[in-house]
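Here chain A shows up in two complexes: once beside chain B, once beside chain C.
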Partner chain A sequence: MLSFQSSKNLLSLTEDLLVRIYELLAAESDRKSFRLVCREFRRIDTLTRRHLRVIRIEFLPILLRKYPRLQSLDLSACPRIDDGVVSLLLTRVGPGSNSPILGHWAWGLKSLVLSRATGLRFSGLEMLARACPCLESVDVSYCCGFGDREAAALSSAVGLRELNMDKCLQLTDVGLAKIAVGCSKLEKLSLKWCMEMTDLGIDLLCKKCVDLKYLDVSYLKVTNESLHSIASLLKLEVLGLMACPLIDDVGLHFIERGCPSLKVIDVSRCEGVSSSGLIFVVRGHRNLLELKAGYCLSELSTALLHQMKNLNHLEVIRIDGARISETSFQVISANCKSLVEIGLSKCLGVTNMGIMRLVSACINLRVLNLTCCHSITDAAISAIAYSCRSLVCLKVESCNMITEKGLCQLGSFCLLLEEIDLTDCCGVNDKGLEYLSRCSELSCLKLGLCTNISNKGLSYIGFNCLKIHELDLYRCTGIGDDGLEALSNGCKKLRKLNLSYCNEVSDRGLGYIGRLEELSDLEMRALHKITGVGLEAVAVGCKRLADLDMKHCEKVGDSGFWALAYYSKNLRQINLSYCGISDMALCMVMGNLSRLQEAKLVHLSNCTVEGVELALRACCVRIKKVKLFAPLRFMLSSEILEILHARGCIIRWD
Partner chain B sequence: MLSSKNSALESKDNEIFEVEESIAIQSELIKTMATMVNSKAYVNERNQMGCWKQANYHVEQNNKIVDEELSDWESKFFEVDMDDLHELFMAANYLEIESLLNGVAKRVADIIKACMNVEVIRQTFGINNDFAAQQEEEIRKLNSWNHI
Partner chain C sequence: MDLKERVCGELQKEVPKGASFTNFNTQHQQKWEDPSSTSDYSTRIEPPFQAFNQTSQTQSLLLCNNQIKVPMQDGSVNDLLQASKIQDWDPSAMLNNLSFLGQKIHQLQDLVYLIIGRKGQVLGGPDELLVQQQQLVTADLTSIIVQLISTAGSLLPSVKQTLSAATTSLGQCGEFGGVVFPSSAQGLNDGVQPQNAGGSKVSEPPNSVDITSNNGNEQSNHIIEEHELKDEEDAEEGENLLPGTYEILQLEKEEILAPHTHFCTICGKGFKRDANLRMHMRGHGEEYKTPGALAKPTKESSSEPTIIKRYSCPYAGCKRNKDHKKFQPLKTILCVKNHYKRTHCDKSYICSRCNTKKFSVIADLKTHEKHCGKDKWLCSCGTTFSRKDKLFGHITLFQGHTPAIPSDEIKAAPAGTSDGATNKVGSVNFNLSSYVSSESEVQSSSMDIKGGIDDAVGYFSPLSFDTCNFGGFHEFPRPPFDDSESSFAFLLSRSCNYSQKSGEE
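Up next, the complex of A and B:
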């Protein structure tokens, strides 16, 4: 690679080849580097970029002008997007009479994510719907103030295929009717938690939007009548009915003869549903792919098991909380060999024998949930490891008979394992972690309450599991600074870390945490040895920190909080309850951190009432949720409480 | 699926390759040319060999569909130096062999991913930085719009 003939380098490749390479760089960080290499590469990036996710709203106009071929725009992380901003983006003409109208980015836009954009209202939505003629997918979930006017605005996007209106709390049948009539091509609709919906709305929806393939009405108070209407949807493939309190077996009877294309059904937590109801569903749909019935069945009746013999294509089954008999294991393992995911969380009657029978038949298993199946031992784990080599996710929380022997088998055979939950498995020790670390694809590791692990065990993880994103060490009191050193050396991609109650961690350990540049979520409650020095190291180093919980870290002094206020510009949520922060520092933190949206400030012993009031005033423009010490309710001025209320901020009193 | 008919392909260096027809058809170019009389494909000899080796392997494996083996073999195949990789890329592009193009592109993408920063990418591929200092600074600033 020493002397390069300039004709042979990457740049001499044609544009379409460079685009091919660019499209294989999936990670945003790689694309950023690509962009910076040279002009040609930047041009490729500009040409090809189809998707944009923006955090800083200041850059939005420039970016929209730069990327003319956008197909998908994600503004969910821009807290301050509102009607005014939208109007600006769509109509502003750039400096000079020859520059293009800014609004032309909207012409090709197909997908718009506006989740949690609570500042937007119907006029902004209407502008967007009119400006984007190709719009096919809109996500306005968690915009809790959205209602019928917003629905009417969205209904003018005639080509809409996918719509997510989860938690649009003010939406009623009237709004849904407008959407049903306006967007007749709708294929995917999610209405979770839209509590005002009734059977009338659902009925009209099913009559107008006949192409619906995906419908989620979880948590709604709809009755069996809705199921009668839904049964008429000939193309429906996915039906979500989670925690619908008024649905029962009678309603499921309608589904037996209806929804001929049904592949996925979720009736988890529906109190009225029992084995009889599921029999109807299963009898009518032998090609069912996913059956999710967690926490509603008490057991799998013989009649239901008899019907399940026909579910030969079943890929996902969740029967959490039910009593499972030996017969159940026999039937499932004999007939449902295509299973890829099995959920038996908190099930009674799960034995080693049953699991061994199950996994020897379902060799393609990728996800297995055995949370709280206390009878499981190493024998079952070994069987799982040996038979299911494609295992990706294993949840064995509270299975405290598992020891290093089982983990040895996992480390030897399940090399594709990405996620494992060993919370409360006291049998896990350093040797077990050594074996487990052989699974180098591991990305999420939960070791909460595993008191028998120490720095030595963690160092194996730090050495071998370089892809780790999430690590939970809640109450792992054996972990200290040395373990964190090993972690920071290897696990550079760590994003989420929980060190709560790991009392041995001191400032030195936090210094190592500061080396983790990708860290965005840090929970470190009750670390009694750390001071402002440690917090400063974290604030300076972890530039992407968005969520910090340091409740009960009483020894941290102001120097740490000043550093936080100065450096942690990306902080969105913070818990400072029971910390020794002073008035000035609190005011700096709340005032300076412009992205802060949620703060828990219970029992700040070094702060006065005036100090808290000043801090609240400093952030009242953007703060959305705040938790305060209960007595303050009567001590804070009514003025500040009114201002917060007017801005839509939710106050909780503790 | 496999026919016993062989096609003779002449390379730029006048070397004749006997390749089974089913494999030759992997190349879109050859496929079209086969219908034309008196056609010649101008490809450097060494990389013709490489291309056909890969195409051959693909056709064989199509019947077995063993993904792991395929990617194992492929990763060894693509561990060549920059010059060869470049030649392979050009050859695959000219002969229009889709699977080979994907393989080489993936290898280049992996090399880029493995590079620690922009400077290393430039060095590895011998690219000059043609940005003005101000432009580069502007891009770095804009890069901050997307932290997650």
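Up next, the complex of A and C:
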């Protein structure tokens, strides 16, 4: 509560000062509080707001009218957006719109996120592209139905600089050619999983869009020919080649001589690439900043190591899955002094001595991934903690020999630590968590399969790590309701929580979970003690809940699901497999949750075919992905399957 | 015919004298010193050699079993030799020609008689035989007609010039080559190689005297000819034969356009390839089945030095015509034929699929038809390509061109799906009359949406949406719950009361 005096002071602030203050508010919740202060503040919010992420499409017209200066619009959470909606939006904005100019909101728009907008087709896309003359960035990733026509529609946005077309499965060279010719200013393009793409399209792209700085062709079946074309891109800085099966060392030889501006290259999981290919890359690009070569090297060879000596600016290196010797660590640490991130996941030959040598010189290290490096112990962790004081992220999954001593060192020195993955580290106990809780910046903590921790340990976390937003307690069987109580008291920012197979958790525990207002992801598989009461508490309390996985929660009755249908209006994904939900409740859940995009509905023992059909009909306009029991394929009416298909819904039969 | 033999006569006359050789050699040197005299060189000196080589070439190409006709024609040849200097129309030569034609007609008559006679005897496959006979007669008649035309063609004023007279003779030479030439060869060599029909090399004297160094070249040339490779005219574009190092032969229009160049001396049937003729000859008796008769006739004379032959197009002003300033010779007869047809003839073959593309060479049409309709790669400029990489090359080259997406796809993909299915969706879930029931409506005109503000409300509001949604349950084909309405109504009242949250995050 503001006193009269202070409120007077606040109101005396000039508009531009308020705008400045507003712009410093990073978190969305803070901005929300800001605009709820008074009308004047709300006006500032209205005028200053540049970015809008809409989660309920029904408010879209009002919001677009309210915020005239939008530059960035994110519609990725609107499952129901389609050509008709776009047409309406561009025709008139909202009820009682007094703006005579059609689609005024679109004029200043620079960025548009349409990820997963599977209901949209080329005509709507073209309307959008034409209505937004300033459009610079478009994201249509995971629009699996998008193809050449959609690409052609996008190509009318001449000023486009950034385009993400990941998993536009129907896109072929023709569509890419449309974009390459239409959007010649393109600087950033991602084509992951556009499986129809061939060398011809990439070649044309490289000839037409010479300003490309970022190109991701990961998972494509392109060959070395494409690399030959890509090598001619003078401004290219980031090149993603992850899991391109047909690319080999010959192709990387082209890269050695081309791409003079190359800073980042990712050849992870490229089966054809060996260390000689990487030698080409390293030899040609001394200023390389990031080298990601996970799971493509069997060994970090001495020849490659010799070349890597020259990479003095290297900041990120990932050689996951390779065999590495202790001397290699010595060479890396002696030469690559500016390393910030090292990925050694599943590397063979990572020892305490190796890690000690590595961290002795790489004191700027911020991210270290030692997943499945089984032989490291507290000695290595202590060395890391002592040397790398600015460590932010440490992943030591399955490093069983880490105990409370290592965590003690981390808690003493790495006070900036934000993320730690201790999954499957059975050496972690309550005492270890107590030490770790000294890292008050911790935001992501993964304790899956740590069976030695109990409510006591969790209470330390709940008491000290107030910034935590992701917590994984998968199969932490020692955790019960008391631990969750401590957690809900402290970690109010928790957004993602995994309680699967924590058998001790009961309805009381879920009651505490219901206090976490920020919670959006909750996984609680196989909690046999919980009933509808617990689910209702979660549904009522966690208003932001978007993803709920309650597979095998067999005791939850219809009352819980009904509550879910009423309250969890923001739910986007749900897994109800093996639940005792009835026909009626299923229809309510599927029909009433207007944001639902994905549902897994396998082995619903209390449901009939008619019930499932009805439920699908109730949600068919917005559902994007549904997993069903395989025999239902022949039992459901063909009409509903056709409708789902037409709306771009993917059905997985299990 | 007369002209051809006249040329041979000319040749024979000149060869023994040696005058033409000296002449040629001087011209040759002159040519090397001064390229400007090319035209002079080719007009004056070249024709005899050209004619000569043409004859030798056709001879080498064709296996001519002309023994029957040889005696018959000997006399006429001698006559011709005397009259060879006459450049204008020669009535006696014409008479000769006509008498030859008469003979051919008689032969044909005999054949028809034979067919009639045989008819009763043959037992099996009468249909097949009839077809064969018909083909034989047709082929004979065709060859007679062609010869008649070419004889008449020699009377045309355009061919009365010295040069073209010589070349006309060539045309006929090629046409009748297999039939007539050996007789004249015999006349020429005067019994030196009396009965070595077909395979005999008449051209020995000039060749051996003149150009021996090109032997190897000539060999390879022969191979190409024999296999009748489809040499593109431009194939020898890069060839830098110095003028004068090869002979220029010029076939006449009629000969180029003649369907067959090899004729059976017994039945008169025409063939495009000598090999086919040789195969055909086997049917005329055991003597044609010997390895010698079946062998390629050129093999035996391969060791003898020959001269490189190049061809000129008879069309005046054509770059392939020897009078052209930048004359580029054609490599083989096939090249000449294809070039002439492609460049100077009407394109009479029309593709039956697209009805637009026309060709003058039937092989071109066939090649086209193989790919016609497969030109699915379309550019925004309207150009079609049979291959994607060709289209992409085109797009790379031209600024602003993009690949066009076929229009039929528009109807197929989005409209088709939305028309059917979305309509259903609309009918099931949206009962508001204002709801845009079909996406296609929206597509056709975004402005054409009926109703006013309520529309948008109906479209966006979760409440009205849900209301229609559940109202729509009545329309389901199999409503499972009869008593569902009350419970849903109850639920809806609760869900309506649920406070509307702001839709932002």
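The rule is simple: the second predicted complex is superposed on the first by the 619 of 654 C-alpha atoms of A that agree within 3 Å, B and C clash if a C-alpha of one lies under 4 Å from a C-alpha of the other, contacts with A are read in each partner's own complex, and residues count from 1 in each chain.
Methods note: contacts are C-beta pairs under 8 Å (C-beta built on N, C-alpha and C of every residue); 3 or more make two chains touch, one makes a residue touch a chain.
What you see is a predicted model; the values in this text were computed from it and never measured.
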First, second, both or neither for A:His51, with chain B first and chain C second: neither
First, second, both or neither for A:Arg633, with chain B first and chain C second: neither
Which of chain B and chain C A:Leu13 touches, first, second, both or neither: first
Touched partner set for A:Leu63, first chain B, second chain C, both or neither: both
First, second, both or neither for A:Arg149, with chain B first and chain C second: second
Residues of chain A touched, compared between chain B and chain C (which is higher): C
Touched partner set for A:Arg652, first chain B, second chain C, both or neither: neither
Chain B versus chain C as contact partner of A:Asp203, first or second or both or neither: second
Which superposed partner A:Arg39 touches (first chain B, second chain C, both, neither): first
Which superposed partner A:Phe122 touches (first chain B, second chain C, both, neither): second
Those residues of chain A which chain B touches in one complex and chain C touches in the other: 28, 53-56, 59, 63, 77
Chain A partner contacts - residues on chain C that touch it in the complex: 388-389, 392, 395-396, 400-403, 405, 409-410, 413-414, 417-418, 420-422, 424-425, 428-429, 436, 439, 442-443, 446-447, 449, 453-457, 459-462, 465-466, 469-470, 473, 476-478, 480-481, 484, 487, 491, 494-495, 498, 501-505
For the chain A and chain B complex, residues of the former touching the latter: 1, 4, 6, 8-14, 17, 20-21, 24-25, 27-28, 30, 32-39, 41-42, 53-56, 59, 62-63, 77, 520, 544, 570
Residue ranges of chain B in contact with chain A within the complex: 81-83, 86, 89-90, 93, 101-102, 105-106, 108-109, 112-113, 115, 117-118, 121-131, 136, 139-140, 142-148
Chain C contact footprint on chain A (complex, rising order): 28, 52-61, 63, 77, 82-85, 87-88, 90-92, 94-97, 121-124, 127, 147-149, 152, 155, 173-174, 177-178, 181-182, 200-201, 203-204, 207-208, 543, 562, 565-567, 569, 583-584, 588, 591-592, 594, 608, 610-611, 613-614, 617-618, 620-621, 637, 639, 642-643, 645-647
